[in-house]
C-alpha cells in the first residue's frame, strides 16, 4: 500500500498523470515527434548499457537461462490466450483480434523501466539480464499472431509491392531491438570502467529524462483513451484491463515454478503484462494492414499502459512477493 | 554597473548575442523547430519544479497572496496602457494595436529565467512563488485585449469553422500553462526529497541548456529585428522600447505599495516588462486573425526581448532596489 | 596497438560500429534529423567552449601562430593534391572531382573530437587552440576547389535566381562556423570561472552525447557504404582510403618542419586527413550543382569517416609520435 | 475512369482545424493536411525553422470529392478565407473507385 | 508545351515503399514523397505529433509520367489499395522537357 | 469561377531560394514551399532522415498565378533547371477571387 503510494507520488508518474489529464481536457500541447523519438533512443541506450554492465558483473547461470526461456515462451504463448479471450469478449473481426494479440505478447520498454524503479523503491533487486529478456520478448508474439491470423483465414498472399525480408527487417531490426541489444552488448563489453565516462549522460540524468518522456506518454495515453471510449465496445475496453492481469497470473505461476527471485519475478510479470505501442504497431501496418490502429493503439496505449503504470506495477510486485516469498 | 556587466558577460547572454549577430549578418543557421520546442518544454518543467519545491518550503502568506493579486491585476491592466500608447504613437489599425497590447500584458518565461539568474548574481533572493505568478500572468492580458478589440469594433462574430471552447483551450491549456503549472504542482507535492533523483536532469544542467536555447532566441530576435526595421514605422519601433519601461515603472509603484522584497520586486517588474512571443501569438491567430504576426512578433521578439535581456534586467533590478531599499 | 584497441573498445566507437552494422543489414531505424541537428549544435558549442577556455589559459604564442598558418595552408593546398589524384585514379568528370576535392581539404568535427579522445587516452595533450584551427580549416578548401573547377572549365556564370553573397554566407556563416567560432570566443571571454555553471551541461555529459551522435553517424556511414559500393568505380573507392593517408603524410611533414608537440601534431594530422560531410556538401549544392552528392557523400561519409574513426586515428597518433618524438 | 474534384487549400496552420470542420460539415469523405516549410506572399516571407512562435506557418489541405461537395466546400470556405490568410483552388482529377468520394 | 500525367497517391506512410516499388516496376522516371501532418477519413482523424507509434501517418506521393505509364501504375496500384488505406488520382499537366517522362 | 494556373516545381531544397527569387522576379502573388520526405529518380533514391548532410533533400513549390505570369516563370525557370535537379509542371485550376492572382 505504501509502496503503491510512493510509486504514484514519484515525479515520473506524476508527469504521466499530468499529460493524461491535459489530454483528457483536450489540451493541444504536444512533445514534437522528432524530440520524443530522440528521447526514446536515449532511453533504450541507457537501459541497454545498464543491463549490459550488470550482465558483465554477473555471469550467465542456468537459473538465468531458464528466465530467458520463460520470457521467450511467454511471448509466444500469451498472444494465443489474448487471441481467444478477445475473440470471445469483443465483436472485433479476426484481423483486429490477431493484431491486438500480438501487442499483448510483446512488451513496453517504458513500463519495464517504471517497474524497475518501483521494484528498487520497494527494496528488491532485479538482475541486469532482464534487459536482454525484454529485448527477446519483443518479437516472438508477432510470429504467433501472424500464425493465428493465417490459421483463421485473415491473411492473403503478399501485398502488391511488398519485398521479401521487408517484414523480417522491420521486426528484427527496428530501432528498439537494434539499440537495446546493441547497447546491451556494448555495456557488456566495456563493463563498469568503460561506463565511467558516459555515466553522466546515461545514468545520472536518466530519471529526469524519464519524466519528460512520460509526460509525452501521458498525452498519448489520454488522447487514446478519449478516442477509444467513443469507438470501442465495452468488451474490447474490458480486455485492455483484464488481459494484463491474466498475463501477470500466468507469469507469476511460471516464476513460481522456476523459482525466480522476487525482483526478477516482478519485472518478468510486468513485461508479460505490458503491451507494445511502437514496434508491434509498425509491424502490423505491414503484415496485417487491414487491422485498425485505432483498436490496438487504444488498447495498448490508452488503456493497458496507464493501468500498468499506476495500478498494475504495485500489484505485480505484490504478486511477485507472494509467489516467491 | 558591475552587475550589469556581469549579466552581459554571462555565457547565457553571450550566446544570445551570438545568435543575434549571426542573424543580423543573414546567417542561414537555425536550431530545428522540433528540438527548440523540446528544449522549451524542458525549461518549463525545470522552472516549474524548482518553483514548486520552493513553495513547499515556504508556505503561502498574506504577503505572497498580495503579489499574486498584483501579478494578475497587472496582466489585466497593462494591455490597456499599451493599447492607448500604441494607438497614439503608431499608425497601426485597432486590430494590430489590440494584438500587440495582449503580448505586453502577458509574459516571457525566458526573460523571467534570465532575471532570476541576474537577481541571484546581484546578491538578492527571489521566492519560488513567483513561478506561479508568472503562470498566472500569461492569460489575463488576452482577455483585456480581446475586450478592447471588441469595444473598438475590431472583431466580428465567430469565424467560420470555429468551435466553442477552441480559444479557451488554446489560452488555458497551451503547453506553457500546462507544463509550468503542472510541474509547479509536482514540485510542490514531491518536495526537496522527491527532487533528488531528477535534479541531475532538471537542476544541474539547466544553465547550459539555457545557453543553447538563448542562441536560438538570439537568431529569432535578430531575424525579427532585420525584418521589422524594414516594415514597421518609427512610432511602433519606439513602443517596443518604451513600453517595457512604462510597465516597469507601473509595477515598481505597485511593488513599493505592497512592500515587496527586492528580489521579488525585481522579478515582478521584469515579468510585467516582458512580452509574450509564443503563447499569445498563437492565441491571436485564432482570436484576431487579421492582426499581423510581422507586427507583434517583431515588437515582442525582435525589439523588447533583446532590450530586456541585455539592458532591461539590470535596470529593473536597480529600480527594485530603489523602491524597496 | 593497445592504444588502437582501447580506441576501438570505447563506447563511442562501439556505438558507431553498431550503427554501421545495423545500416549494412538494412535496418530502417534512424535518429530523427531534427534531433541529430540539435545534438550537432550542442557538440559544436561544447567543443568551442572547451577550446576557448583553454585558449584563455594559454596565451597565443609564435609557435601556435605557425600551427594556424599551417592549418589554413593545408586546407588550401590539400584539395589540389586530391583533385589531381582523383582525376588520375577515377573516371569521374571534372565537376565531381573538384567537389570531392573540396571535401578532403575541409574537415570533420566529429573526427576531430574522436581524435581528441584518443590522443588523451594515449597519454598526450592537445592544446585548445586547435579548435580554432579546425574552424579555420573548414572553408579555404572550398575556394581552391571552385578555383580548380573554373580553371578546368567546369563552371559557368551564376545560376539563374542566385544572389550575390549567397554562397559566401553559406560558406562563412553556416552553423558549424558560427557556433564553433562563437562558442570559442565565449569560452575565451568567460574563462574557467564562467564555465563552472554551464559545465554540467557542456562538459560532464559530453562523451555520452557523443555516443548517441556516433550511432547516427554509423547509420549514415553504413548506408553510404551500401549505396556507394554499387555506384562508384574502384578507383573512386580507393581514393576514399588512400587520400586521408596522403593528407596525413603531408601534414606529418609540416608538423615535423614546424616542430609541433605530439598531441597537437596528431590532431592536425587528423584534421587534414578528415573530410567534411555537412558544410561542404551544402556549399557544393550551391556552387557546383552538377556534382553528384552520391559521389562526394559516399566518399567522405561512407568510406573516409569510418576509416578514420577506426583505423585512421590510431595510425595518425603513431605517425605524430614518430615525427615529433 | 471517372472524374472527381481535387480541392487544394493553402491556409494558416493555426486555422487548419477550422477548415477541417468546414470540410467535415459538407461531408467530404476525407482530407489530408500537409505542412509547408516556407512561403511568400505580398512581399512577405516566412520560414518554418526561423519563427519560434510558429504563428506564420501554413499548411496545404487536399481533399478529393465530387463536384457538388466541392462547390459546397468552396462556398463555406469563402467566409473563413475572409478572416484567415489562404488560397483555395479546384481542379479535375480522374479517380479509380468513384463511389468512395 | 506537352501534356503528361500527374499521379497523386495519398497512402499510409508505412506502405510508401511498397507503392514506390510499384512505381519503379512500371518504369516511371521518378517520384517524390511528401509527409502529411494530419488527416480525416470516414469519421476518423489522425495527427502526426499526437501519435507516438506513427502508425497512422500518411504521405502523398507525386509522380509525373506519360499517359501509358500512368495507366500501368494505376492498374498495379489497385491491388495495393485493396490492402492499404489510400487514394489515387490522375490529372493532366503541361511539362517543359517531355522526353524526360 | 475563373481559371488560373497552378505551377508545381519539385526542386532541390538547397536551390529553393533561387527558384523563389525567380518567382518573385516575374511577380507571382505568392508561393508555398513544401518539404519532401523521400524520392526516386533515375535509379537513385534519397530519404530525409537517412542523409546527415541534407544535400539530397527536395521540396515542392506551389504557386497559383495567371497564365501570362506562369509562362514567364516557366521561361525563367528553364535555366535554373539546367543546373539544378527539378521537375516543373503547370495545370489548370479554378479559383474564387481571380483578382488576387
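A, B, C, D, E and F are the chain letters, set down in written order, and residue numbers restart from 1 in every chain.
Note that in this section a contact is a pair of C-beta atoms (placed from the backbone, for glycine too) under 8 Å apart; a residue touches a chain by one contact, two chains touch by 3 or more.
The structure displayed is predicted, hence computed values, not measured ones.
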Legend entry - Intersection of contact partners for subunit C and subunit E: A, F
Inset, instruction - List every chain that touches both subunit A and subunit F. - result: C, E
Inset, instruction - Specify, for the interface formed by the sequence copies subunit D and subunit F, whether it is same or different in terms of residue numbers shared by both sides, with half as the dividing line. - result: different
Legend entry - Euclidean distance of C-alpha centroids - subunit C vs subunit D, Å: 45
Inset, instruction - Starting from the mean Cα coordinates of subunit B and subunit F, work out the distance between those two points in Å. - result: 39
Legend entry - Centroid spacing, where centroids are CA-atom means, of subunit B and subunit D in whole angstrom: 34
Inset, instruction - Indicate the residues of subunit D shared as contacts by at least two other chains. - result: 20, 34-35, 91
Legend entry - Where subunit B touches two or more other chains, by residue: 30-36, 38, 205
Inset, instruction - Identify every two-chain combination in which the chains touch. - result: A-B, A-C, A-E, B-C, B-D, C-F, D-E, D-F, E-F
Inset, instruction - Enumerate the contact residues on subunit C facing subunit B in the complex. - result: 32-35, 37-38, 41-42, 45, 49, 165, 169-170, 173-175, 178-179, 182-183, 185-186, 189-190, 194-195, 197-202, 205
Legend entry - subunit D-facing residues of subunit E, complex: 8, 10, 34-42, 45, 58, 60, 74, 78, 81, 87-91
Legend entry - subunit A to subunit B touching residues, read off their complex: 9-11, 14-15, 18, 22, 25-36, 38-39, 204-209, 211-212, 215
Legend entry - subunit C residues touching subunit F - in the complex, by the definition given at the top: 30-33, 36, 156, 159-163, 166, 216-217, 219-220, 223, 277-278, 281-282, 284-286, 289-290, 293-294, 297, 301
Legend entry - subunit F to subunit C touching residues, read off their complex: 12, 14-15, 17-22, 25, 44, 48-56, 76-77, 79-80, 83-85
